[in-house]
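Structures follow.
Shared chain: chain A. Partners: chain B in the first complex, chain C in the second.
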Partner chain A sequence: MSIEVKGLNFFYNKGQVFEKKALDDINMFIADGEFVGIIGHTGSGKSTLIQHFNALLTPDSGAVYLNGNDINADKTKHAEIRRKIGLVFQYPEHQLFEISVYKDVAFGLQFLNLPPQDVDRRVRGALKVVGLSEDYFEKSPFELSGGEKRRAAIAGVLAMEPEILILDEPTAGLDPKGRDEILEQIKILGEELKITVVLVSHSMEDVARLVDKVFVMADSKIVLHGSVGEVFANSELLESIGLAAPQITYLMKELSQRGFSAKGGVYTVNDAFRAIKDVLDE
Partner chain B sequence: MNERLIIGQYYPANSVLHRLDPRVKFIGSFAYITMIFFAESLLSWFFAAVYLFAMVIISKVPVRLMLKGLKSILFILIFTCILNIFFAPGETVVFEFYFIKITLEGLLLFAKMAARLVLLIISSSILTLTTTPLALTDALEFFLRPFAKIGLPAQEIAMMMTIALRFIPTLMEETEKIMKAQKARGADFETGGLVRRAKALVPILVPLFISSFKRAEDLAMAMEARCYRTDIKRSKMKELKFQRADYSALVCVTGFIAGLIIFRYF
Partner chain C sequence: MEIIKFENVSYEYIRTDEQQRITQRFEAIKQLNLSIEKGEFVAVLGHNGSGKSTLAKLINALIQPKSGTVTVNGFDTSVEENIYKVRKSAGMVFQNPDNQIIASVVGEDVAFGPENLGIKSAEILRRVREALESVGMLKYFDYSPHNLSGGQKQRIAIAGVLAMEPDIIVLDEPTAMLDPLGRRDVLKTVMKLNAEKNITSVLITHFMDEAALAQRIIVMEGGKIAMDGKPAEVFSQVEKMRELRLDVPQITELNYMLKKSGVNMPLGILTVKEMTDELCRLKLRA
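Moving on, here comes the complex of A and B:
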């Protein structure tokens, strides 16, 4: 499924004293099956933008199209749209409420009127994707660790078998191990299920590692977009809006300035390793 | 969501009323509410309404916001209207149709009730719209202080109120967030019968309770870490102090009370 946003403007508290422009003339296109990153500083409008993708927020002007159809043309279809677009909020573990992990993951499915065996298949499938084994099925979601809770919550969204998966800072507040596990699973999801994935993050490292295309937001606008290489080549612009290229990119720059002629355009630790190795092997 | 909740919402503006000592505003509102139950003649009603209208103008709060608060009492107004018009005793019949009898006395009674309710709501709206919740609790603590002698924990009550007020917006934000998250998982809060809708609240309330308890625990810990104790008298960062405007305001309030007494007895 593709997402297209045209001329989108959005205000918080429109018409009141506290009116605040949250999105300013956003135009973007995300093709079917693409893995896209949205980066930006806190308060730049990332979370507000993605809530427009599944009609949780309605634009004040402009429109959002899914596969070419305006999602706000018919409000009665919003529930249906939300089932096709899985949105994992920041700190999704706060939405857990059921008495067991299994039941919590099955929560959204009860609205689909599926036969019981289908529900079972989907719940098991989703929990398998996030790496929670059967030992967890009957546990209370509240006795899990932070990383496990988050995976259970993500499974709750995956069980809906969305055609687009949107993740808002899925690694916020996790330790490095939990972070790597979640990112690895997200990567597998994008590659194996071939679904469109939108990753919102302010970790340049995560974005560089995973996505095909990046949108950079600052001050309610999209200021830059393109492939990972194109975006991170603009490190001055990124710095001026309070972001930065991945640390490893700076390291490589520093190295080449001091006469170590590794190839440029390196954005992940793995690439850096290879680039340095190439030079040393010569 | 925020729009419906006008009582208890501060409207930032730079007016004399905003700058007044919260205690003066408290006294003013209290006096006003007491006095409108004291008013009898048409002239005194007119006087009270003009006085209130002047306050609305001085407060610089949009009239639209003031009237919004009235929406919440619309039902009570209509209900008392029906009761008074149809069932109030009276001789002067204006309109009669089978068992329905509308009397002049009933109409007057209703008009009085309605005027009282409207003035009451608007006057308390002025208080809450021009005073921050924190200033309100400060004033309340001041008025409760004399009762500390008979064992009323005035400081603690004020602290509890401050905390409760502080967390209303946080809780509302949190509710909205959880609702959105459950909606994104396919939950449906808008359709279905009463039972289904009540059941749909569970996925919102459980996470909300859990996070509230957790937040309460964190807050208690943070307060204790800063040596919060209840058995000592706490000093204040901002002491309430009467300014010249406050004295003038008190004179104004006294004038209003005197005015209504004159209307009543002379």
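Moving on, here comes the complex of A and C:
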């Protein structure tokens, strides 16, 4: 499913003294099956933007199109749209409430009138993706560690089998292995099921490693977008808006300044390894 | 002088049913021994559920050990009368800044702690100004905290702890929700307080590049200390770190990959500068 945003403006507290422009003339296109990253400083409008994708917020002007259809043309269709678009909020573990992990993940499915075996298949599948084994099924979500709770909450969204998966800082507070596991699984899931994935993240390293395309937000606007290479080549601009390039990019820059001329366009550790090996093996 | 001391400390979480019968026990800290010197900057790493946050709560006397002793600034934390002194000695900063800010004006928020100590207004004001100055936020004295960025809010939370004039600051994943600039600002603040005011800092984090800035790294696993050493020592053990569900900074990972592929270089490289120097030296020799 593709997402297109045209001329979107949005204000918080519109018409009041505390009116604040949160999104300023946003235009973007995310193709069906793409894995995109949205980066930006805190308060830049990332979370506000993604809440427009499933009609939790409606634009003050402009429009959001899913597969070419304006999602706000007919408000009676919002429930259907939200079923197709899975949104994992920040701190999704605050939304856990059931008596067992299994029941919590299954909660959303009861409204879909599925046969019980389908519910079971989906719950098991979703828990497998996030790496929670059967030992966890009957545990109370509240006795899990922070990282495990996060996984359970993400599984609840995955079980709905959304066509677009939007994740707002899904790995904040997870240990490195847990972070890599969840992100890898999401990447695989996106590729296998051909779903569109939107990842909002503060980790430049994760974004560089995973996504096809990056949108950069600052002060309610999209200030830069393009491939990973196109975006991270602008490290000065990124720093001026409170972001950074991946650590490895700074190494490559320093090396080229010191006359160690490895090839350009390197934003991940693996690429850096190959580029440096090439120079040393010459 | 050791300011934090754990001697054979164990702690368990207990789950009970409606009749208060114990249904489950989970030992989060097991026979742990640890001592931290005054003025040290220690990073604590470990996967989710390894016992890091429990360790932090034990330092702050939010919980007391089941067995063994935790001594903070000379006070045994399991003695009821000491709890107040322990909490004054060791301030805590948590992950989500929005849950830690209570007042509608920055200055008032920072004043909240000292106001409850019953000290004079002039002294409170002096402390608040000094604390805000230390975290580089004095000019926001009259601002509403809600309009600040995540990094700024977190620095306000740190100022709130500083106004209590603690000897120790324990930070439990203070940068998890912050953008790169916010993370850098918070880390700089912690390092500055440690260097200039000699405040003992215990930083719990999942960011390996932050841990690389500490003087010492403690790695937790299953409620015990699995590794303890300087960043270069700890991070040079890439495989062991991975086994413990952790990682190493990008530069150190590259260092490890190059070494493994036969490049003649030492392990334990942490910074861009060290790496550049090493690679340029290698190229000259080639």
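Following the convention adopted for this analysis, the second predicted complex is superposed on the first by the 282 of 282 C-alpha atoms of A that agree within 3 Å, B and C clash if a C-alpha of one lies under 4 Å from a C-alpha of the other, contacts with A are read in each partner's own complex, and residues count from 1 in each chain.
Rule of thumb we're sticking to: a residue touches a chain if its C-beta (ideal position, glycine included) is under 8 Å from a C-beta of that chain, and two chains touch if they have at least 3 such contacts.
Since this is a predicted model, take the numbers as computed values, not measurements.
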Counting only touches as set out at the top, which of chain B and chain C does A:V279 meet: first, second, both, neither?
second
After lining up the shared chain so the two structures overlap, which partner does A:R83 touch, if you call chain B first and chain C second: first, second, both or neither?
first
Which partner chains sit in contact with A:L96 here, chain B, chain C, both or neither? Use first/second/both/neither.
first
Looking at A:L174, would you say it contacts chain B, chain C, both, or neither? Reply first, second, both or neither.
second
In the overlaid three-chain picture, which partner chain does A:M204 touch, first (chain B) or second (chain C), both, or neither?
second
Chain A residues in contact: does chain B have more, or chain C?
C
Between chain B (first) and chain C (second), which does A:F260 come into contact with in this model arrangement: first, second, both, or neither?
second
Help me check something: in the complex, which residues belonging to chain A touch chain B?
13, 16-17, 51, 54, 56, 79, 82-83, 85-89, 92, 94-97, 107-109, 111-112, 142, 156-157, 160
Hey, which residues of chain A end up touching chain C in the complex?
40-43, 90-91, 143, 145-148, 169, 172-180, 202, 204-205, 239, 242-244, 246-248, 250-251, 254-255, 258-260, 269, 272-273, 276-277, 279-280, 282
Counting only contacts in the complex, chain B reaches chain A at residues 2-3, 11-12, 177-178, 180-188, 202-203, 206-207, 210-211
The answer for chain C against chain A in the complex is residues 15, 24, 46-50, 53, 95-96, 149-151, 173, 176-184, 206, 208-209, 242, 245-247, 249-251, 253-254, 257-258, 261, 263, 272-273, 275-276, 279-280, 282-283, 286
